[in-house]
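In what follows, a structure is listed as structure tokens, so that the remarks can point back to it.
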Amino acid sequence: MNVVEFTNVSKKYGKSNAVSKLSFTLAENKITGLIGRNGAGKTTLLKMMAGYVKPSSGNITVFSKDPFDNLQVSANRIFIDHQMSFSPLLTLKELLITAGRFYANWDSELAWRLFDYFSLNPDQNHAQLSKGMKSTFNMIIGLAAHCPLTIFDEPTSGMDAAVRKDFYRALLKDYLNHPRTIILSSHLVSEIEDLLEDILLINDGEKYLHLSVEELREYAVGVSGNASAIKELAQQHSLIHQKDMGSGRMYAVMKTEGAAKQALDQTRKLGLELTPVAVDDLCMHVTSKSQGGIDSVFN
Amino acid sequence: MIVNPNSMTPIYIQIAEWLETQILNEAIHSDEKIYSQYQLAEMYNINPATAAKGLNLLADQNVLYKKRGLGMFVSKDARHIILNKRKNEKLQSMVKDVTKEAVQLGVGVEELIVMIRKMHSEAKGGNQ
Amino acid sequence: MILLSLLPLLILAGIFAFIIWGYRALSFKNPGRKLAKWLIVGYAVILVAGTVYSYSEASTKQVIGKTVSRHEVKKQDKAQIRLFDRAREKGVLQINNDILFKKSEKSFPFKGKQLTVSIPDSYNLFVDRDPGFQGEVVVTHYMSRTFIGNMDVTEKRKEASIALKNSVLDVTFNKTKLHLAAYSEGFVFHQFNGGKRESVWEGDDPVFGDDFILLKVPQGIKVTSEDQLVTNVTVE
Amino acid sequence: MYLTEVSTWDMVKKLYRYKLNSYFGVFTSLVIIQILSILFSLNGTGSSGGSSDTFEYNMNIYSGTLILAFMMGWAFLVATLITTKAYRYDDSSFVSNRTASHFSNILFLFSASIIAGITVYFSYHLFLSVVSLFMKVRVVQADTLTPIQLAQGITASVLYIFLFTSLGYLTGMLVQVQKFFVFVLPALFIGALIIDGNLSDEPRLLISLGSFYGLETSFIVFVFKTLLTTGALYGVSILVSRRVEVRP
């Protein structure tokens, strides 16, 4: 069953399109990574999914219902981002207790264990927290709510590396105990890719790829060696990225689709070296404005 | 074992290989239950779907068999299958690589055999 | 009165129940909010104390006079005018206790044939010749009732000083000064009284009662006054 | 997948409870505004005096009306405050939709109006005690109210204050929809008063508006008038809010 379905969804702010003609589905109980550059439309997409923002056109269903301003959807999803606002008059302790009243599956024990682990002060106010502590607190709410659809928008912003690592581990362990549909947006793919089952890559408000992480790892291959040999190879394969290495050598990233894979395997004979392409590199290359990346500016 | 995401080998294959090694080392015996996808996910901090893919790979090769509702178990001839596979596929391709490298470096067959003999006895001695 | 004092108590109990319920709902430690809590609790306590004090004060000594309706005040004003007109023009003075208030009465032995009254300008001097009277005069200081708004403050006024020396009766009226404070819960509390407004400032112009002197003298005595008209009346 | 079914009313109650806890400042401001209004009332809302040859009086008029007026202003401001983003977004951090959010706000504002309306009466008596304790006033005339008058008066105070919350709520919502209403609404208000003043010899707009409620002598009719107006203003606010995104 699909938890989330986007059909031809567009969202305009003024004249610019934040999201355009986006269609995808999220299947039940998968962790999906929403990857895209800043301004790619990740937040707009997630806010539409959460029911905060109404699409300009197209159709969204969450749990087979239109999520916008829908109380039933709201009760079964949680949206965590760094803009989450809480009354400055309540302490963290009060906020956790309040959150527990709102969410039917609230795991109070988990919430308090995480709260203690990350040494948050129960008497402090949310407004006084540093950015990283805020993110940590919001994350605790997001995990403990055990909502069938859990949405994290850049959940680790401001957290230090150790806390980020702990968060991802906590997310995985809690997911193993309570499988649910989780979508996690980030621009730091390398940190989360092991955690993910699927990746939804968007660029300029449009869907670019929606694949499993394993498929994405084999989606492209890096080829380095003689420039002319690579250029010849590039005729048969879609070139994703290229970089001149100097002295007649170059590095290219090519798509490894279907039968072309075997052809690519033959390249060793041509004295070309094949290397895997890390998922975050791939994401960076495919969302790049030009094939040459930043280097093209200096040519 | 720590999974290496930067390796050319996909994580699910790394997981499958680690399980094979466990079986070869007799850390898990025949007809014993093997790790679930969730245990593997937790051990390696990976998505359980990835772990499941590794388990399914071994099931397809009859190294593991499924018991409905109970999980996956090591089949009777698991060791045999793994040994065969490694000999036929992995070892052969590694030998291929070694030979290729030897040709490039201008190392003769005799010299290569000597090297292999030496390594072989060392590895055997180290194991004992 | 008992009901009246019970109602605020009931409401008070309600407020307290609400506050206690509210605090139980948020019985957390919060240093930032502690001050606010004390502010609210303290204020509630002060409110209650103030209300209790104000009720005990108001119901004992501080209210003066009786309040009447606006309609009553208008009726009074007309009645007073009519009463004086009738006395001056027809010589009939009606002692109506709803309108007139007897402030003081003094009697002096008097044997003479002529009595001179010294009384300030523009005050009425009514003379009633009684055939049964012998050897004395009775001087009564009357005033028609005084209303500020719709509050009867007649009794607060001072009595006139009256003295008889030889054949001269000296009357001096003493000025009364009142400092008043009028309290009203506010317009909402009078909105639904069927148009009957009991608030002082919403009434008409004040009705200043007129002081006058009623002189009872034996039949044969002649009464004169330097600059005041002497009206002979029959008291009803 | 097990989905939770929630009822709107249930969430309204939960949001209402959350608001009672977290909008604590509303009650602190109530105390401060009432203390201020008591201080202002000490001046007296009016005075009168008169004299004849033998009688002279002056009278300071102290009334609870000013306290009520302050509370109306407070109610207006509190309601506009609640429509601002900071408060609206608090709701969207937990389970809510706009309907639940509006109804919990209205419920909260109604509770605040009840507390304000009742405390208007009490603070009037506090003020009265202050006057009789600290000011040298010789004679005092005070109203005596029957229990029914008292109950009606307090109810009417609550309804007046509640009416002003609905006015503030609508104003706040309009501003949230279009920022220029911040300038347009006061301009319209003042403009209407000026035009009103120029067109007729006597300005009638505010007076007739005020007397629609203030001169209503039937308690039942008054309750209907205020509740209907309040309901209508809240209704319009809810409709207006549909033009605002829940949380952009």
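Should a chain be cited, it is by its letter among A, B, C and D, assigned in written order, with residues numbered from 1 in that chain.
Here is the rule we use: a contact is a pair of C-beta atoms (placed from the backbone, for glycine too) under 8 Å apart; a residue touches a chain by one contact, two chains touch by 3 or more.
The structure displayed is predicted, hence computed values, not measured ones.
Engineer: Work out per-chain C-alpha centres and flag the one nearest the whole-protein C-alpha centre.
Structural biologist: D
Engineer: Can you tell me which chain lies farthest from subunit C, using the average of the Cα atoms as each chain's centre?
Structural biologist: Checked the centroid distances; the maximum from subunit C is B.
Engineer: Could you give the separation in Å between the centres of subunit C and subunit D, each centre being the mean of its C-alpha atoms?
Structural biologist: Chain centres of subunit C and subunit D, defined by C-alpha means, are spaced 38 Å apart.
Engineer: From the C-alpha centre of subunit A to that of subunit D, how far is it in Å?
Structural biologist: For subunit A versus subunit D, the centre distance works out to 48 Å.
Engineer: With chain centres defined as C-alpha means, what is the inter-centre distance between subunit A and subunit B in Å?
Structural biologist: 32
Engineer: For subunit A and subunit C, what's the span in angstrom between their mean Cα positions?
Structural biologist: 85
Engineer: Where in subunit C do residues touch at least two different other chains?
Structural biologist: Counting only residues that touch two or more other chains, subunit C contributes 26, 33.
Engineer: Check each residue of subunit A and list the ones that touch at least two other chains.
Structural biologist: 89-90, 94
Engineer: Note the residues in subunit B that touch 2 or more other chains, in rising order.
Structural biologist: Within subunit B, no residue contacts more than one other chain.
Engineer: Can you list the residues on subunit A that touch subunit B in the complex?
Structural biologist: Interface residues on the subunit A side: 30-31, 168-169, 172-173, 176, 190, 193-197, 212-214, 217-218, 274-276, 278.
Engineer: Quick one: in the complex, what on subunit A touches subunit D?
Structural biologist: Contacts found on subunit A: 1, 3, 28-29, 47, 51-54, 63, 68-72, 74-76, 83-87, 89-90, 94, 98-99, 101-105, 148, 180.
Engineer: Enumerate the contact residues on subunit D facing subunit C in the complex.
Structural biologist: The touching residues are 17, 20-21, 24-25, 27-28, 31, 34-35, 46, 48, 50, 52-65, 67-68, 115, 118-133, 135-147, 149-154, 156-157, 160, 214-219, 222.
Engineer: Quick check: in the complex, which residue numbers of subunit C touch subunit D?
Structural biologist: 3-4, 6-8, 11-12, 14-15, 18, 22, 25-26, 33, 36, 39-40, 43, 46-51, 53-55, 57-58, 62-65, 67, 120, 122, 146, 148, 151, 153, 156-158, 173-195, 198-201, 205-206, 208-209, 211
Engineer: Mind pulling up the subunit B residues that touch subunit A in the complex?
Structural biologist: 3, 5-8, 10-12, 38, 41-42, 44-50, 53
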